[in-house]
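Look at the two complexes coming up: chain A is in both, with chain B in one and chain C in the other.
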Partner chain A sequence: MTGRYGRYALLRAAQAVIVILLAYVLTFLVISVLPGDPITNTLRDPQNGLSEDEIQQIVAHYGLDKQAIIQLFLSLGRFVTGDLGFSLQSNLPVAQLLGDSLPSTLALAGTALLLAVVFAVVIAYGAQYLPGRVAPGLLRSVPSLFLSVPNFVIGLVLIELFAFRLHAFTIIDPDSAVATFFAALTLAIPVSAPLAEILIANLDHESRQEYVLVARSRGLTKTRLFARHLVKPSMLPAVAMVALIVGELLGGAVITETIFGRDGIGTLVQKAVTSQDVPVLQAVVSLAAVVFVVVNLAADLVSPLLDPRLQPDRAAARTEPGVVVPA
Partner chain B sequence: MTANLALLRPTGIPRAVRRAATGVPPTVLLAALVLVGVLLWSVAPGVFTSFDPVTGNTAEKLLAPSAAHWFGTDYLGRDLFARVVYGTASSVTSALVAVLIGLVLGSAIGLASGFLRGWVDTVLGRVVDVLLAIPGFLLAVVIVSSLGFQTINAAIATGVSAIAVFARLMRAETLRARGSVFVEASYLQGGNRLHALLRHVLPNAYRSVVALAVLQFGTSILVIASLAFLGYGDPPPASDWGLLVASGKAYATAPWLVYAPALVIVATVLSVNRISNWMRKAK
Partner chain C sequence: MTAIAPHPLKPFLTGSSTLLSVDGLSVAYGDTTVVHDVSFTLGRGESLALIGESGSGKSTIAKSVLRLLPHGETSVTGRIRLGGRDLLALPEKQFRPLRGRTLGYIPQDPSAALNPVRTIGSQAHEAAALTGERDADKRRALILAVFDTVGLPDPVRVYNSYPHQLSGGMLQRVLIGLTVLPRPALIVADEPTSALDVTIQKLILDLLTDLRQEHGISLLLITHDLAIAAERTESLVVLKDGVVHESGSSARVFADPRSDYARTLQADVPALNPDRYCSQRAAEAQPAETSGRAQIEVRNVSKRFRVGGTEIAAVDGVSFAVGRGKTHALVGESGSGKTTAVRLLLGLEQPDSGEIAVAGETVHGTSRAELRTLRRHLQLVYQNPFTSLDPTWRVRRIVREPLDRFRIGAQADRAQRVREAIAAVGLPESALSRRPTNLSGGQRQRVAIARALVSRPDVLVLDEPTSALDVTVQADILELLARLQRELGLTYLVVSHDLALVRQIADTVSVLQRGRVVEDGAVEQIFARPQHPYTRALLDAIPQPTGLPRPALGQRTPGRPTLGQPAQPLFTH
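Up next is the complex of A and B:
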């Protein structure tokens, strides 16, 4: 297995690097080729008070007087060597801005991911194993409801209820543990929905399998059957889903952090958009792509180890593994 | 002939309607009703409210919801219900534009990948990978900031960030149809590739792609509302739903300014999702 697996791992890693570089190129194209020239607009904005000499210096440093394609390669070269440039607004190195905002966003996104997984598991297993018809039926419609409420509405309602009415936290101190919890809750609710849906679909699929019938006829109780036979297969596809969700968390952070007044990556994006701070935008999008690609690479590399059916030397011989992905 | 028979039996048409409606769960009918209402709001907002969405009576500012003002009034005394109704057109049509962009471009990419295979598939596959690697909302934010803050640009941005999802589904469906026995049979009978594409592959992929399009319509409403909430859509006095929530949140004493438009968004998207789920299960 090792030879095949090693080759598979190398191939996937190479693909990941290519995707990251292409994501950088795409962002560059979106920002600089589309109509409007944010860099020059910002530089010439009288509010920034840059002298003509300084402007020339910046233009020369970034090669802005050169053709777009040359600029792209210069920019890509700087990115590969880890130089993210300077913010047009604060003149601070972008790497420093990212470093300052990252801890807050990591705390938010980490808590949110944990909450989302807990919600999804409770909803999915509740829908499968609660007695009666009403409660499971209601639980099954929860993901759809979670998907229908905009992130910002959840945030505003939570603030109104828990900060203004019940005084559980104050929005003046957004980094306190309680405020972080509620911000994470805002982010977790929409994100937990697809995870719950895929868990429900997989549990449904697994409980229809014949081995379940066999196990039941051998006299296994419902709970033991669940614990011994159903948890693991239903979790496997969810691992891949968690990897996909990480990207959503970063996107949702823009709204959540703005509402809760947190100084994280999302707020950085929001400020960068308002002030057309191109280097910051470029860096954040690249960072998001790197995070997404690395997490998914990890999931792809781990899942063959967890599920023998997905091993590269066997995957080709077998048909699709027992995984249900809702369209 | 059948039309004549239907004319002879006056009960025929209602029975047909009844037959179509039976088997449809009541929640789906309710959802359809909500969507028809929303569509009517966007087509003819003037029919549903006699108030003007832009000019208000400042003597009547920040009134709570009442029989006269269903959703209350805002800080300029404008009727909030009128603002919601008049904001529907831009909130809903921009979501339609977004879905259309994602559907057309995404399906074209997916169809080309799945049908032509080879290097086309490899190249387009990487393009889709890249689009998937950038979080959708972040991509939409960057695109709209590059195009300029307008609702139509927000719609374009939302559409572009949905391309990858459509491309992936269309590629999978195309591959499925392409490998099927009936496509093979069509080749054996002398059919060419274009014929197989139009006659067999597209009609088979159509159902799941339409279900996804409906689902994406709901998602697009949310994304566009979020962009408007951040101020990346048309500026006031436009009254996109997301913008209404954003401007309402400044008035803590008038919570209806947030809840009323928020409720309209939730009801609309919930209805869209319900119908999409039903379509997916019905096939």
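Up next is the complex of A and C:
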């Protein structure tokens, strides 16, 4: 089994690399068909004071005078070797810009992911486990409430309440731990809703299964039934959902960073877009693709460990109806 | 298992000879009462069957005894006494110690009864813990011992397996073993074999009977099958719509049913009435003999599938022929190749070798036009009308679809044909504007048959046509099929695992095992003198209630009154 799983893991990893490269190519193509040539425009901007010779040197260095397809391969080659180029706006290496903004975004998104998972688990398991009808009923309505309030409203309310009224943090120092927590909270609340919904639906589904009845007939207490029989099966679709949520966190980070005045990837993107800073955009999009693909790869690799039915040796044994496979 | 100390709660159960007494039990889901004032008693070490069709309330009664009905949605009134204690009055805290230790439960579908993401061993420990054994190694030894007792070949492998890695029969053995392990006083078995193949069904029931007798465990058996109930239990309670219609000793109810409903049930069980459709079928049989060429001819057909690196012969050198107006049956259990044979016949799969001809035309199934011609000659009625009809379509559209697909007739003509087809299957025209969800199982199967008939095929393939239906509804459908065959001269190919049913409706039969025909011939001959051990095993699997002569399956004597069959015909047209 381990051999098969190993092969499966390698195959998925190889697929992931291909997806990342394709994402890079796609971004390159999209940017290259955009009207105007931001690179030459910037180079020829009199403010930069570059002489014609210097411009020619740069153009030759990056192969900008070559055909688009050759430029693509040159660019792809640089990407693979880790050379992300220079920002058109600040003349700093893109890698350095990313390095400066990444920690702030990682802290924000990481904390938000953690909070979202905690919220979802508390809401879903509470809705399933709490006695009576009132408390579970209220918990079940929480996800739709979370979904219906826009991210920026939550952010503004939190700032008003905790920064200005309660002085829990100050907006002058947006990277402090407390400020990061509240920014992450803003991001986590809407993101936790779909996760909670899927956990609730899945717990409902699992608790109606015959095996739960059989386990109850053996006198398992509610707590043991829950812990031993329901938690693991309910996690499976949630794992896939977490992978999708990471994508949402990256998108949501732009707004949240703006509201809380944080210097992160979101702010970097915002500036790059307004100034048509192509190398930065290309790098950020590729980074997002890498994160997304890696998280989904992790989900794909974890799922067979949670559910033995998904293990690759079984998946391959799917047969025509009427054919019995010796177990 | 001798090492197990007697359970502290067992003593209160000794004493009087009545173990379970249900008194005036009524159960309602919301405003709908599904069980009305049901009473029965079950003696210590005895067995009782609750028998009825879907909606009879039999499972609800079982779950009331086990207190497994959903919380807060049901209201249960009356009394359920176990060894003198009123179970319904006990708070959950005091009832819980009885679960598993005194009251065991064997569920219907073994493949859904174990947690799919945990190993069987880890779940078995939950049952083994009920013996009071605290040491995990000793519990493991108990589990492996009981797996051996219930006839599981490699107990350690079973212990380490996940449920999906075992067959249904093996899983049911696991569940029976785990239920028996804490030696309960009463086992409630809810249709314990209805999800299993016939030969497995017999083995499982034998096992349950043996263990029960060995350990003096009482059994409350829930079943829809009167023959099984009569064969396996001492007394039975016949239920319909939550009301008791008859109760008494199994032998008596079975031999001499007094209520109308019990009589109907009795007459509808295929195993007990092999000649049920004889007179209707006899009329059609004669002219067909002479009509030259066979409607279906399968010559030496083979089909192999590659499964995980190994090649499996799903169908291996199968031949049979069916004459016009005749019924041929393909009989076998899961994995026998009968489904693949049907797919080949329908042109859904291509045979590796051999030839298939329907209505004199060779089936290649390679081009669309050929498939189109084939489907006009041959139509399929699926096994389960609850899943084979699109729930969002109205009956009119469902029945009409083949005409539209094959562009048969003008628009007005099509509407007329749909009306004819729906009338032919005995449904009112008002059914056309309904959706499948508003129809009963029997009505749905009639719609499925109408859909197959509407393009006026010569051959109908009936894939387990009644296995998803209740026994009285089954009889209606078989009656209908017999009449349609007589009136329209249809040729049937029936696929089934139920030999008793085959005996009732087929002229000839091929018994399939692992893709090969192990025996074939006329139904009477196969049933009277089975040559192959597999055929004998299938025949043995037909339940035979004790104390009664085995129905003479081997002879066909039209008009011979069979056990308990009313003198007048049950159905008139």
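The rule is simple: the second predicted complex is superposed on the first by the 292 of 327 C-alpha atoms of A that agree within 3 Å, B and C clash if a C-alpha of one lies under 4 Å from a C-alpha of the other, contacts with A are read in each partner's own complex, and residues count from 1 in each chain.
As a working rule, a residue touches a chain if its C-beta (ideal position, glycine included) is under 8 Å from a C-beta of that chain, and two chains touch if they have at least 3 such contacts.
If you're wondering where the values come from, they're calculated on a predicted model, not measured in any experiment.
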Chain B versus chain C as contact partner of A:Y211, first or second or both or neither: second
First, second, both or neither for A:Q276, with chain B first and chain C second: first
First, second, both or neither for A:A177, with chain B first and chain C second: neither
More chain A residues in contact [chain B versus chain C]: B
Partner chain in contact with A:V254 - chain B first, chain C second, else both or neither: first
First (chain B), second (chain C), both or neither touched by A:K232: second
First (chain B), second (chain C), both or neither touched by A:I69: neither
Which of chain B and chain C A:L220 touches, first, second, both or neither: second
Touching partner for A:V293 - first (chain B), second (chain C), both, neither: first
Residues of chain A at both interfaces, chain B in one complex, chain C in the other: 327
Chain B contact footprint on chain A (complex, rising order): 15, 18-20, 22-23, 26-27, 30-31, 34-36, 38, 144-145, 147-153, 156-157, 160, 164, 247-248, 250-252, 254-255, 258, 269-270, 273, 276, 281, 284-285, 288-289, 292-293, 326-327
Residues of chain A that touch chain C when the two form their complex: 133, 209-211, 213-221, 228-229, 232-233, 236, 306-309, 313-314, 316-317, 319-325, 327
Chain A partner contacts - residues on chain B that touch it in the complex: 126-127, 129-139, 141-143, 145-148, 169, 208, 211-212, 218-219, 222, 225-226, 229-230, 232, 242, 245-246, 249, 252, 255, 258, 262, 265-266, 269-270, 273-274, 277, 280
In the complex, chain C residues that touch chain A: 66, 68, 72, 96-101, 103-105, 107-109, 112-118, 123, 126-127, 130, 162, 164-167, 170, 175, 178, 305, 307-308, 312, 314, 334-340, 343, 349
